[in-house]
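A short write-up of the structure that comes next.
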């Protein structure tokens, strides 16, 4: 039994609030237990220099934590301070989301995903991926409505979860207390068909073998399927239909 | 009649949620209409170098806007970019709050106030002052509870509001649409006795005279009294009693 | 009696040296007692991106202190250090001067005002506003002479002064020693008609009421009128005539 | 057949030059084909603040590329420019090496690993891990010789390699040309017992399944075993004996 | 004949105003023709880390130009901008002055020399060296007066001048117009005995030979002797006696 | 006799490896004793803004040291740290090389010279100049081969060496140990005709006279002639012929 009473394969309570803010083209507030991340999607009618003239879109992400989203206050990243962890995470978010975007269908536009951690209790990067998908889908739905695109430029759903080995046991969706005592930490990003888009596994002062990896990937797959269900609930029936028209129901 | 149907002396709907986050010593989410600011108070058991050895505390503030809190996305203040407007505002917030703190009663401690704008629809700096007071009071109440201080180190309540001249009319609590067309913009910070702690008035490509200033200060005074009522509601009866014990009911 | 023998409503000795440097389009060295600020105006034949194509000009300011303009040496603002006080002040200077500029008459040009404090003995920001007006007027006079503009693009004179409450007494033009012991500090910017363009009042660990505010504004008004006289002396009769032609003698 | 004639499971020619520089406590120049990385290990007699007083050591890494190590010149990371890719890579290197260090045996000391890419032809981050292990081992051997430590503070060997799917084929040790056309890119760090310390897999605009992951991990395991052989050759017999004494021959 | 009527070996009019500012321990405003540099000396009762515990002092310099000291406005060096030319010059100034300081006699103290260019018409770095010597001497005289040191911690006088080849002619003390058309530019720093402390010669898109170098050094020597006379005039008889007591009249 | 057995006028063993890297248009690894510098030349088909439209080329240099090229590890110049010494040196390198370039023959192109110190044992800046000449010549030879230019855009050879006074003796090519104890340090850059392009002499806490300067320049001239021989050996006969065709054999 885990410290909060969860089974090893259980997610924390998940809540995704679509259209949380009034200005962005897409936005979602995602809570996984006490971890809360605000994700927004901003449409820009241009692409970065390296994509110009190719007729294809771009998706990029930024990730930051509010100073007091954590137990102790962290310094703001202003005035030349650089937070390498944040940069690593935002690269992961951008790469992951790009894995399910149909750039040709997007046209030469950029979507900026901003993930701001309101409260951090473990798994902020995977919550950010899951929440960003909803914000991105919202922005794409709006673009379809405004007839900027012919179809929703998505190739599939996308969600992420962390799994880990804690005292030898494989656990789904670690909170901060579990994360700290995990010997292996694995972040998994999958699409709606259960295929992997990104995996990042780290043994903190230890190692892991192939069997353990298999066990962890099984747990992650089940958790991600559940999260995609939550995304669909939050997006609503009509949105789900439009997405499935674009990318096929299997994904 | 104003575009949203308010009377000239009416505030937008005000909502203050105390203890919004689980980690900070104090926190408050304040909404004034569509303007939403998250304020947290962090206790540090030290003072800056220039205050060392004086037996007195310090209060300082930081202010920032989430990238998509506004109509168009703003760049994050990372990597050397400096936002002079943010710096000006956080200096105002810090100075204002320091105006009602009893530093001797605080001991050699610092409270960091972090004001992060979730959504901006005018009046973010004054909302930040009003919300920060609640977060600060919460932190002081916690310090009293833990017996770090003998009394709540406050000399009075504090709230702020913006007033302005729009097409010749004096209006209370401008939203963004009104702010843009105002010829004079005045931010007022007062204590519970209606005394001024800070005023900042700017004529955008115009001027204002003494009569107009008087009219605006009258409006502001009434609005601030109402806001202090909201602060008291949010803090609750017991907290209000403790604060009044510390600083007298008149304030 | 004040420590330097001045009456409560007396300015320090004021000296404005027009055309102090040979390169800038306008320049003035202003001394108010021991406070010395060098103000220059630089003409640029372009406006910032947000003003492009509107046929209107722009005025912006920068403010800095030489490292040893003060009692103790301050660090230079190079290499990523940011001085929030300087940024706040330069925003005030820019805003104030823009209050008396006729941007349509200026054409799509920018004037950069650089205010560098040579020696600081209180009131540097208000001296910077007063001196910048002379540098700006000089640049405009030069533009008229070169027939870049049809009329001097000014709507009025502009000067600034600080007033404050020191041990209960309202004093004009505080020097550093007085500033440190003031309970209220008010910076006032007015035009030639005695109308307010900007006011910034701060109670340092105290408060002020409406009567005190009125008293301080009276003092400031008289001081500013005197300073505008000094500006006119420094600019000379011919320049004064050109300015009055442009904006009317009342201002 | 691959473009350079290699079999799918073949490494590029590997050359590790131990003690490449005269100043550092450890250094190695590693060449994998045309990819050349200079790795140095610097001993510091202190640990970062967060490790103080625990009696344990620390290992951290920095990674950078010389401006013309690549086809086109890249800007230096000076003057506020931040290279997020470099930061992500150096975090990977540090984390990986820490996976095989016996921090208690090290004492309160830090080893700084500097990985500077002289020439980049794919796989620089994995070459940096493999080369850094040699530099780190050299520094530890020197510490043993100087009797700063009682045993070599290692728990095992460590090497890394990249594997990927190129046109459906699983390939070992991708060069730049292969890397660009790979649909899946997996970096694997293993110890001498073939256990995983870190895996990072990314599908570039695609996905991968469990079978493909297994295939890639098999290839990586064989390649890493070969690389550890090269490390041992470069370190020499006596060093290998000392390391095996410390961590057991199986690793 | 030079464009301003000077002979090839003539300095521009030189004026050195000692004690120009009221706060610094030493200050001098030096004008060489239209080149004006404000030099201040600040005493700090500490030395940098690398000099600690040696019982010896330190002298360091900073150099900057006001934005409109030049024909066209230059950007301020704030917010991460770096001016390599300024850094190169301030290193020259610091090195030069250190050449005549008796660090043992100074005690563990630092003098900060700040050289701020008010107006630039060629030769600002050499004017800064010459003016800094006066500010430094003033600070040392004050230290002697306050009995912080037993003798003036100087080993000699120090002044600098630029010489150059313009259309084949060797000229002393180039102004900006001459500097631009010079094929060789040589900055020379000498002590009171005519010995060299620093020379920096650059051929702009050309070369120079040994004879030309000799000619230029002759001119520089004469100019520097004259400048040292001006320094002595400015410092006054009593100061000159104290300095000569410390370092011998020959220097 | 010097500590390494060299005569006072002897260079350390010099080795120049042309075409050290595969990507740059030109590259050379230069070793002077234990000092090793990697120099690359990158061709850019554009010139900086201030050279646009003049039909002339530009050459600029950057210089940096690897963190562990020195006895103690130095911090990387990332994240806002500025190394004034590096900036001063790269300005010297750029200026020196520009002294022998025929910019009209180059066309509107820029060559970036990157000098990265692999190991530092004194004389890195002069080694960088000497090595950069070879990298630059290689880039020019390639440009000739590709018929981008009609002739090699060089006006002469260029090399540099340091000389100094150590315990009264004039020595050529100081290593770090000698450099530290030198009372005078002189860096000399000359062309193939023995004419000076740049000299920088500094007396560390001392002075030098005209005779000493002459002695040092004699030593430098002989050393530079020898270095130019090494450059020619490294470039090969055919390259030497092409260069001599362009600039005459005397240079």
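Some points to look at:
So that you can tell them apart, the chains are marked A, B, C, D, E and F in the order they are listed, and the count of residues begins at 1 in each.
In this section, a residue touches a chain if its C-beta (ideal position, glycine included) is under 8 Å from a C-beta of that chain, and two chains touch if they have at least 3 such contacts.
Fair warning: this is a prediction, and the values are worked out from it, not measured in the lab.
Fewest steps needed to get from chain E to chain F, stepping only to touching chains, is 1.
Averaging Cα atoms per chain gives one point for each, and the point farthest from that of chain A is the centre of E.
The centroid of the Cα atoms in chain A and the matching centroid in chain D are 29 Å apart. Distance from the chain D centre to the chain E centre is 52 Å, each centre being the mean of its Cα atoms. The distance from the centre of chain A to the centre of chain B, with each centre set as the mean of the Cα atoms, comes to 34 Å. For chain D, the set of residues that touch two or more other chains comprises 79-80, 82. On the chain F side of its complex with chain E, the touching residues are 80, 82, 84-85, 87-88, 90-91, 95, 98-99, 191, 193, 195-203, 205-210, 213-214, 217.
The residues of chain D lying in touch with chain F in their complex are 21-24, 27, 34, 38, 40, 42, 44, 62, 64, 66-71, 73, 76-82, 112, 114, 116, 118-119.
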